[in-house]
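Here chain A shows up in two complexes: once beside chain B, once beside chain C.
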Partner chain A sequence: MSKLVQSIKEAIALSGLKDGMTVSFHHHLRNGDYVLNMVMEEIANLGIKELNVNASSLFDVHTPLLNHIENHVVTGLATDYIASGLGRAISMGVMEKPVQFRTHGGRPSDIALGRTPIDVAFIAAPTSDPMGNCSGKYGPSACGSLGYAFADAMYAKKVVVITDNLVPYPLQDWSISEDYVDYVVTVDAIGNPKGIVSGTTQITRDPVGLVMASHAAKVIEASGLLKDGFSFQTGAGGASLAAAKFLKEIMLEKGIQGSFGLGGITGYMVDMLKAGCFRSLMDVQCFDLKAVESIRSDARHQEISAMHYASPSSKSAVVDSLDVVILGATEIDTDFNVNVHTDSNGYIMGGSGGHSDTAAGAKLSMIIAPMFRARLPIVTDHVHCVSTPGQDIDVLVTQGGIAVNPRNAKLKEKLVGAGLPVLDIHELKEKTERITGKPQRLPKGDRVVAQVISRYGDLLDNIYNVPQKA
Partner chain B sequence: MRRSMLFLPGNNPNMLINGNCLGADAVIFDLEDAVSPAEKDAARILVRNTMRYMDFRGCEIIVRINSIDTPYWKADLDAVLPYKPNLILLPKTGTASDALGVDAYMAQVEARTGLEQGSIGLMPLIETAMGVENAFSIASCSKRVKALFLGAEDLTADLQCKRTKEGREIEYARTRLVVAARAAGVDVYDTPFTDVNDDEGVVKDASYAKALGFTGKASISPRHVEVINQVFSPSLKDITYAYEVVEAIAQAKAQGKGAISLHGKMIDAPIVARAERTIAMAEALGLGKEERHE
Partner chain C sequence: MSKLVQSIKEAIALSGLKDGMTVSFHHHLRNGDYVLNMVMEEIANLGIKELNVNASSLFDVHTPLLNHIENHVVTGLATDYIASGLGRAISMGVMEKPVQFRTHGGRPSDIALGRTPIDVAFIAAPTSDPMGNCSGKYGPSACGSLGYAFADAMYAKKVVVITDNLVPYPLQDWSISEDYVDYVVTVDAIGNPKGIVSGTTQITRDPVGLVMASHAAKVIEASGLLKDGFSFQTGAGGASLAAAKFLKEIMLEKGIQGSFGLGGITGYMVDMLKAGCFRSLMDVQCFDLKAVESIRSDARHQEISAMHYASPSSKSAVVDSLDVVILGATEIDTDFNVNVHTDSNGYIMGGSGGHSDTAAGAKLSMIIAPMFRARLPIVTDHVHCVSTPGQDIDVLVTQGGIAVNPRNAKLKEKLVGAGLPVLDIHELKEKTERITGKPQRLPKGDRVVAQVISRYGDLLDNIYNVPQKA
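Up next, the complex of A and B:
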């Protein structure tokens, strides 16, 4: 038998895709992805309408989706993250049906539980053999881990692998195996390597970012969690990476070896692995070239699926064993609810990703954010949108002080004891507003443009349209 | 207590509003070299408003005004003195009369704005050969002078020599300033280490300055602040020894002894004075208490 088909068009036809069905995509090619646009264009050309698109994340490279939305090719969107360009259009109300936002753990959970069935999954694969054994580790468009594609491959009714690096059967060291794959298509390029992974991710030089990072490392040290067996996740942002740098210095000085580093993995986490700070890395997504090289060559650096990473309906997930996670926020309110979906004016510019999964799982969930961005304070009375509930957040670290969630009185005691600048979140808000003033909010629209669905599958919050001036 | 003093450009709002978060014991709002002539007025207003609206509790404010050979210095003082900076840093101070001229004008502004006379200190910046040679007379010319500050970049230009990382060329100026300041009973601060990427170099340079007797050190990079604070803080060993000295002296007094030895070494008045300074600083910094009682 042969699974190789001549074109995306043929694969779509063979998959039996019809009006009203659901197609899915992963986001490992990030802002360099060609596959979603190529597939959607073929679908539009075939005259198929009213599809649901379930994509683990959407980037601004996917802006052509707006045409398909206008033309009713796409009428439903489910995703974990939407970048600001596309997000702005959603906030202005281009879709009739609200977008469904899930988390990186909630998405595969809902797929596995049959809550969001997928008819056809299109899996961009940097390397595949003709039977569909495929991997992200090799090839000109290598992206490393294919963690977010596993649930799609395992549960979609039909699975199409799209690759630009077809190798003879069998591909060794596959990520997704042939037993899930129906068709394999080759194309000239599945993505632009420049947009897929970044070069070396730089640690911030911004003095304010460094102050926050230094506070963050000291909070972790004072929490008592930093000991042999320590596990850690941090983001790819400048201040988060700088926090990892300070943490690395403490771990090396004290001779602490952690158990694992988790998450979207950057070169900096790879350096920590090599320096002996961790026994292993568990990698659902690679952020840069160094991470891709490491997952390819270092057996201690393991690929994990999004289900293994964070699904609340898995028998267990790695986030449940996580000690500390450092997370960002566009806003946080005085109840510690965090918004990572919209900006301070209410426009969609992100999504939970693994935010609320790791916050729920980790023993210490830390938000690191400046007191204000441009003229807008980060601490507010009520966030525009609850992405992660305050009950899962332990501490907010800013350059102007550290606010501990009153639910975690023990942590507060430890941080005060360590001489860290701890203050009440209301005080921090007032301190910030003395500098910025209290901003007047833009009026909220009356139409729900997106629903934030918690990792457990229930509705957490609604995002409303941002009314446009006439 | 000023271990670290961080220069912040007076025309950079983002740095100014975050100035009190960067860990320095004092910030220096710079109206002089960091600000081009076209921006002097804008920076002056920005610095004034920062002082007016921002809460700098826990962090002293120093303003570097323009030198007295420019047309700006009086306007600088008019703008900032009403907001009570801790010190005015006077660049290119060459003689006591330079400092006294500014002292007199500061007194006028204090009188005009209802501030207590002499409440705002003056810190002459010694950065010319003339200034180095006149260091003691500058340091002792007025009660308003609270400290001397060495500026090596301009000084080496004046000396017609190259500024190096090792700093041999400023060795004389450093020791001369320390002696002059101590003779006058004022503090003395070392020049910034200017290679912001050399993390080891700044430790070495700051440690050397401390060994010479400097009170603290200035910095042009927030990244150097923590290192400078560490170098100029007493170590746990110093603190422990200081408490031992004080306890030994107390015991000697109780036993009616005039002199006493500790670890085989005689304890004399200078050692006691140093121990008391160390304890005062450790207490101000909240250092060493828990460790000592463990």
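Up next, the complex of A and C:
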């Protein structure tokens, strides 16, 4: 018995893929991924049409998808994030059917519940054995965690592992086990290591970013959550990392040992683990090489599946035990609804990822953002698109003040008590508009180009096309 | 959010357990298990009746089940193995409905396929955190692998983790993750460490056993399978271990590095790993303390789920890549059908466990057994009960000769070529009967007390009651 097949083409043929079916991909190779394009090209060559592509995220490296969309090879798209290049085309109306946006927890939940069945999952695996025991930790294209690929492997009817590092059976320390895998294909390279993981993101030196970060750390300290057992997730942005740096200093000074760091893991979180700020890291995705090295070599740094990370239909997920998450926003409205899907011109350039999941789960969910970007205020009356509902956001931290969601009156009390510059969000909006002026409301097109589906599976908002100038 | 509940009673109540439902248990605590009895006592106290119990194996420590059977608390039993004390009662007809015997691979397969749905799984966990991330490797009742509990956790409607070693969230190096767990209960002790794992089983010193073991090693050597990449499973019996010892010597002498050792793992397999005979161990169950220590501390020694081990409905299982398995038998017939369910008087005293699964998967499946026990020949015309079909058995090794299944003519050629004492199985039977005399055929009762269900889910044989003398 062998699962090794000669080519991606052969694997597609054996999988029984037919017109109208759904194929899936994970995004751990990020902007270095070769696999989605290689597979879709073979599918196109085979003349298979009208497929749904369910990808945990799409990056600009996946721009060839646009050809497949134009040629009706791909007519449906479900994903949790779309980078700006591809997103712009979607916003211009390249697809007939709206894109379905989900969250990193909602995607595996809907897969597990059978709402979004997958016919054939293609799993880019930095290392695999001939029976499909595979891992992201080892090999020339190592990406660390394969967290987002577990649901695809477990629930797809057919599973194809594609690797550029075939090792003898059995691979030790597998992530996805052979009992889920139908076929294994070797290729020269599954990705470009330079694009797979970024180098270390620099902590911001921008004075505005540093003020925001300092506020953020003080909010966490004042919240009462910063004590032994503290758990934390933050993004890879410069200001978020600066907040983590200030937090680390407070934790070391006070001798606080947190329980876990969560999420997409950066080298900075690895530093916090090594400094004793956390007992462990729970890693659904590695953001940089330091994180990849750590998950490979440090037993305290553990891989989690997306179900374990954030699925609302799991019996519980790690986000449910999370104390504090620091999140970004392109806009936030006076009801604390957050937009992370579209940019200031209304073009798609992102997605929820784990935004809504962590916001829903964390005891304190904080948006950190500058008061304005390019003279556009962060606070608006109504966000162009609701990515995360305001009920799940506790506080907005800017350089010009901190706005607490009225739903969390106790937090406001604590922050005021700690002498932090707390403002009503309407005040913060007005304060900002005194600097920037009142922006014009963005025009919306008349056609839905994407649906934002909440982590629980219901429609949260629609994203409309961006009307093009004549 | 907390999953911690005050007592087993509370967990049962919260689980919604009702008359006629199915509860499940795993057997990693073996004859030291307290959990099945504690849970069943609470269920009985709550007045719940007519339950099905699906347990991966049952030991004599579980004899209190007989009371629950008599009181109609338990009316259905599904398991892969029943020890002799309980087995005797079953054979005497204590249950109205026949027991369903499955294999260690067939059990998770039938659970995953929905053929044997579980309402509430009770998972004895030597260590757990409050959200149910749990492990068998750590704690005062450590048992090592939790391989047989994965299917229960993944597919039961409700999952209750019962532990005597609660640790802060999150447990590192969990085996079963919180996303499958509904409730967590702490108790004083989940088992008696003395019964959980045996001490080291001694390699046989019995001259008959040593001859068998030496034959066995020579058969493996002559088969052509003993080369780099060799994989191997053996049981914990004295002669099996002696065979492993001879094999180890050959491997070290010839500088052969095997790929993996599989199965229920003993300290002897750990020694082989350390000596370099294998690159890794794939462990569905630890048989002794040395194995428990090894799976905890040696990354080459990996836990596998029962699906990964042996399920015929997995995309593949490790048994499918196995070269050689050494298995036992209470009887084998001239068609090579093997009985491991009943003893020489027809009483239930075992079960397939992984017998049929490894026999079906391995390239060479060998039965090792003495020509006779207490003057009863090992070879018969028809086994009292077919546990593993003869088509999956390649060779029978006894001290008085080696019988090869005619289906494997090439193997016979090789063994004859190697000068091994090969006999036709009918000759071996006659040779034995010249010593022992021809035994009387066992009387069968008229009532089916157990069904032997093959790993694929179909009925393989029936076990009848043992007629009692007046």
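As a convention for this text, the second predicted complex is superposed on the first by the 469 of 470 C-alpha atoms of A that agree within 3 Å, B and C clash if a C-alpha of one lies under 4 Å from a C-alpha of the other, contacts with A are read in each partner's own complex, and residues count from 1 in each chain.
One rule holds in what follows: a contact is a pair of C-beta atoms (placed from the backbone, for glycine too) under 8 Å apart; a residue touches a chain by one contact, two chains touch by 3 or more.
Note that the structure is predicted; figures quoted are calculated from it, not measured.
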| item | value |
| --- | --- |
| Comparison of chain B and chain C by chain A residues contacted | C |
| Which of chain B and chain C A:Ser128 touches, first, second, both or neither | neither |
| Partner chain in contact with A:Asp320 - chain B first, chain C second, else both or neither | second |
| First, second, both or neither for A:Ser214, with chain B first and chain C second | first |
| Chain B versus chain C as contact partner of A:Asn52, first or second or both or neither | neither |
| Partner chain(s) touched by A:Ser177 [first = chain B, second = chain C, both, neither] | second |
| Chain B versus chain C as contact partner of A:Gly419, first or second or both or neither | first |
| First (chain B), second (chain C), both or neither touched by A:Lys3 | second |
| Residues on chain A engaged by chain B in the complex (per definition of touch) | 207-208, 210-211, 214, 399-400, 419, 431, 434-435 |
| Of all residues in chain C, those that touch chain A in their complex | 1, 3, 131-132, 159, 168-170, 172-174, 177-182, 229, 259-260, 279-280, 282, 299-300, 302, 304-305, 307-308, 311, 314-318, 320-321 |
| Touching residues (chain side chain B, partner chain A) in the complex | 14-15, 17-18, 20-23, 53-55, 221-223, 226, 286 |
